[in-house]
Amino acid sequence: MGAAWSRPRASNATENTSVKKLINAPENVVKEALAGMADAHPDLIKVHYDPDVIVRADAPVRGKVGVISGGGSGHEPMHGGFVGRGMLDAACPGAVFTSPVPDQMLAATKAVDGGKGVLHIVKNYTGDIMNFEMAAELAAAEGIVVASVVTNDDVAVENSTWTAGRRGVGVTVLLEKIVGAAAEAGADLASVQALAEKVNGAGRSMGMALTACTVPHAGKPGFDLPEDEMEVGVGIHGEPGRRRVKLAGASAIAAMLAAPILEDLPFKRGDSVLTFVNGMGGTPLIELYLMYNELNQILKGKGITISRRLIGNYITSLDMAGCSFTLLRLDAELTKFWDAPVLTPALRWGL
Amino acid sequence: MGAAWSRPRASNATENTSVKKLINAPENVVKEALAGMADAHPDLIKVHYDPDVIVRADAPVRGKVGVISGGGSGHEPMHGGFVGRGMLDAACPGAVFTSPVPDQMLAATKAVDGGKGVLHIVKNYTGDIMNFEMAAELAAAEGIVVASVVTNDDVAVENSTWTAGRRGVGVTVLLEKIVGAAAEAGADLASVQALAEKVNGAGRSMGMALTACTVPHAGKPGFDLPEDEMEVGVGIHGEPGRRRVKLAGASAIAAMLAAPILEDLPFKRGDSVLTFVNGMGGTPLIELYLMYNELNQILKGKGITISRRLIGNYITSLDMAGCSFTLLRLDAELTKFWDAPVLTPALRWGL
Amino acid sequence: MQITAEHVIKFIETVAARIKDQRDYLTQLDSAIGDADHGVNLDRGFSTVVGKLTSVADKDVGSILKTVGSTLVSTVGGASGPLYGTAFLRAGMATADRFELGPDDVVVALEAALEGIQSRGKSTRGEKTMIDAIGPGVDALKAALGTGDDFVTALRTSLAACEAGMKATIPMLATKGRASYLGERSIGHQDPGATSAHLMARALLDVVEGLQP
Amino acid sequence: MQITAEHVIKFIETVAARIKDQRDYLTQLDSAIGDADHGVNLDRGFSTVVGKLTSVADKDVGSILKTVGSTLVSTVGGASGPLYGTAFLRAGMATADRFELGPDDVVVALEAALEGIQSRGKSTRGEKTMIDAIGPGVDALKAALGTGDDFVTALRTSLAACEAGMKATIPMLATKGRASYLGERSIGHQDPGATSAHLMARALLDVVEGLQP
């Protein structure tokens, strides 16, 4: 892996003078943020450049299944913020909203292989699937055992036959935590993979946007959203959603997000769930707690018990204002691994 | 204190159909977010309504100095997110951007008084000062010993003689953590107050905004900021800053924020500091890490060592895009209390 | 001409109604040089006050004003809550046990209110605050009554002085409150608190005028 | 007419230059039905490719194309990285050790590329992707050469078919890639990948035309 990266100060990279972001040149955003992360969390992570990989400081952990993930940047803290004890062993950050390249996943896989194989956590997007697939082929060629799980929890994608399939969104965060805990506890690759499939199967998500986000190099919002409208069923890449509707109150929005999730699994009376109310990056925490309150009331009305919760900006879309709900049906095993200690830049408890 | 609050579903409160926020009626935002917080963190906090107070779940802790703070809402997670073991015993959330009323601070003071007195952490704003002052008078009348510290770390306010004095901003968060740890460790009121003054004296902050924020009931941004301009020296209440300048790159912005901070204390070669890179609520984490990287380079160039850091949206201005830098000069005592365990909704380590 | 407790209640109700009416205007003024909440703050406070008036309808003027003051303190928040709250509390202390006030009693109450605001806010005239409207208004009322004007005429003179004071805040540089952070940029905007104070002065005149035969 | 390794390098350079030129246009197309990165992705990849061309200038066509492919795989990312990367890798395998290609060799290489994209992307024609431009272009080239057309004429026919295929993506409903999430709303927009494929087809024609006496 490459040496520490330093900004080409005298490059022809243009200084930011046009887009309302705290950046220098758009092409340097990811590297500069990585440099910041590396310096901020030397006890937790190491950052390697070209190919860019964020690796747990003590990787590889011998005798432990390695767990890696990756995807385009712009979703912070996912995935880099989840690298550390009890969660990911490595993360591969692509360019903004662009799947990373196989070289990154190959480097990560080699860096975290502790002899028990490596699990690739892949969100279901055409680019991510293909790039991870190529990396897995290359890793296999080098003799590393790789298993994969593809998350596809987004109920906004109604018809999987006529699409690239459901997108992987909020469940990915919960899965990385739970599966990371199992790997930390010593589970073997087959068990870790099976647990990952179980989590993916037990969770569903749905998101909405009040505003479009602005990709640094594009310089303007991905779509125009009039002052009195919102997008329902958005993903996390600034793409428009399934439908555009008139702006509504929090209570109505919560109902729009919760209903398709609850129907899809389906969740039923007596279920115990982890609720994840996620902000898209530009939504203040006060609104997320308010939305959590709405979701809580909906679930109470259905006899579903919230026994764990996560509220905050964890899987984001740059500066998009909006939120998503994720519900994960819990059992004793998932609860135990959710509660297990975790020590990463973005999620930390018990340590 | 009042009973649990439930939303007046059939009130004449109007549903949100005009402002790009996840809210119902503007007048219910604070209560509904509090209800969400209460349900989300029953192990850490209790919420009382009318007057609204967020209290540590196990308050009052006998034989411990109580530490409370408060201010307008819209700065989440501050202060409510900092209530819990090792930090605040209670927080008083006012209406959005409006200092809380004395009834709240009085109720909080009584709820957390464990017999060793109560420290009021007040940010220097005319309204906060006056409301806390009235509360302290009322508490004294009830026989509770109250001490106060006023934070005023904002170097953007250049001339304290011709203003209401420097505003309390980023240092408040660090102070609540450090002082909370000292109180948890058993320090008496005089020591806790002296430590608070010491922290306030050793820290300086400066902020900037790329966009204005929108107060829910106002429905539109507090000021107009053209596409190619930014405000330097903003506070945290959506008020315009000291000056408006052309949009610049992250590197130039970091220099604009760091220079007045470094000169003011002054910080000097060999100093060990805690750097706090704070988002204003609408700034994604990737940009904050990028700004941290810029600050890191500036400090390296000056021979100042970053030995602790906090990066994220902690003292916010609703949905404002922008950031602030806070530098706190550390010594062994401050470092020890910063590192001490903390268990609150928004800050957590060692537990 | 005597002001009864009933008239005081009528005055408070008028203030409450006009603040509700002018809520967005006051907030808008505060958005230019403050934090966009002055109208909302006062409306929240005075709406609560109105709900309490029936319970004190048979009380003396002092009790009514003290109830208004403590309700404002408990519900408004921000800078204006303690300031207007203290003002009404002090006016209430100055009129304790009184069921009727003469014009001179009103001056005494207003002077107590002004003094309360100044000591709570540690402010003087010329700092671009509500005091710049209230101060001249109270002075003018006292002076006009001193020259023998009848109450309504004196209140008219007072309102004019209050309005002039309010307008005089426009070119002022703020040195107290939030607006002071703007430095030179505070110049050119009318102070929200001076504007709400003027609204109260007009309400007083209108109520008293309504009492004329 | 024979295509030499030197011509292949000229073709790649032309593609790289035009992608840089059309970067914002491609990204803009992707912003309508994707995630606003297609132009930036390809420009990042082809800029890197250009930097590597001198090191393979004396190699056979197959090695050149394989270097292009593996560089694209390593630098583009997203969906188009593995797809165009695989395309050039497969074309490289089909032209291994060759220093000159005749028109029929070009067809064989292009068919291998198309087949590589389809197997990597698990896609067929009519799903609103780059295949809808490449497929008709390759078919037309083969057919035209089959009827005895000279290479340049056949490439012109091929480019026209490619362009028609690109335009045909406009009314299509996307069922592969990101655009598929939009459902009906994907209709009415031209596919970014089909557009970049058409750009490459035009570059091929222009380079070959430039070789004409």
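To keep things simple, chains are lettered A, B, C and D as they appear, and every chain counts its residues starting from 1.
Methods note: contacts are C-beta pairs under 8 Å (C-beta built on N, C-alpha and C of every residue); 3 or more make two chains touch, one makes a residue touch a chain.
Keep in mind that this is a model prediction, so the values were computed, not measured.
Q: Of all chains present, which has the mean Cα position farthest from that of subunit A?
A: Computed centres place C farthest from subunit A.
Q: Can you give the whole-Å distance between the Cα centres of subunit A and subunit D?
A: Here the centre of subunit D sits 32 Å away from the centre of subunit A.
Q: Distance-wise, how many Å sit between the C-alpha centres of subunit C and subunit D, to the nearest whole number?
A: 75
Q: With chain centres taken as the means of their Cα atoms, state the distance from subunit A to subunit C in Å.
A: 55
Q: Nearest whole angstrom, what separates the Cα centre of subunit A from the Cα centre of subunit B?
A: 28
Q: Of all the residues in subunit D, which ones touch at least 2 other chains?
A: Residues of subunit D never touch two or more of the other chains.
Q: Could you pull out the residues of subunit B that touch at least 2 other chains?
A: Answer for subunit B, listing residues that touch two or more other chains: there are none.
Q: Going by the touch rule set out above, what shape does the chain contact graph take here: line, ring, star, complete or other?
A: It is a line, because the chains touch in a row without closing up.
Q: So which chains end up touching which?
A: Applying the touch criterion to every chain pair yields A-B, A-D, B-C.
Q: Please give the residue numbers of subunit B that touch subunit A in the complex, ascending.
A: Result: residues 15-18, 20-25, 29-30, 32-37, 39-40, 73-74, 76-77, 81, 210-211, 227-228, 230, 246-253, 281-294, 296, 306, 309, 311, 313, 316, 318-319, 321-323, 348-351 of subunit B touch subunit A.
Q: List the residues on subunit A that touch subunit D in their complex, please.
A: Touch list, subunit A to subunit D: 27, 51, 72, 94-103, 125-127, 130-131, 133-134, 156-159, 162-164, 167, 215, 217-218, 222-223, 235, 237-240, 242.
Q: For the complex, which residues does subunit C have touching subunit B?
A: For subunit C paired with subunit B, touching residues are 27, 31-37, 40-41, 44, 73-83, 120-121, 173, 175-178, 180-183, 185.
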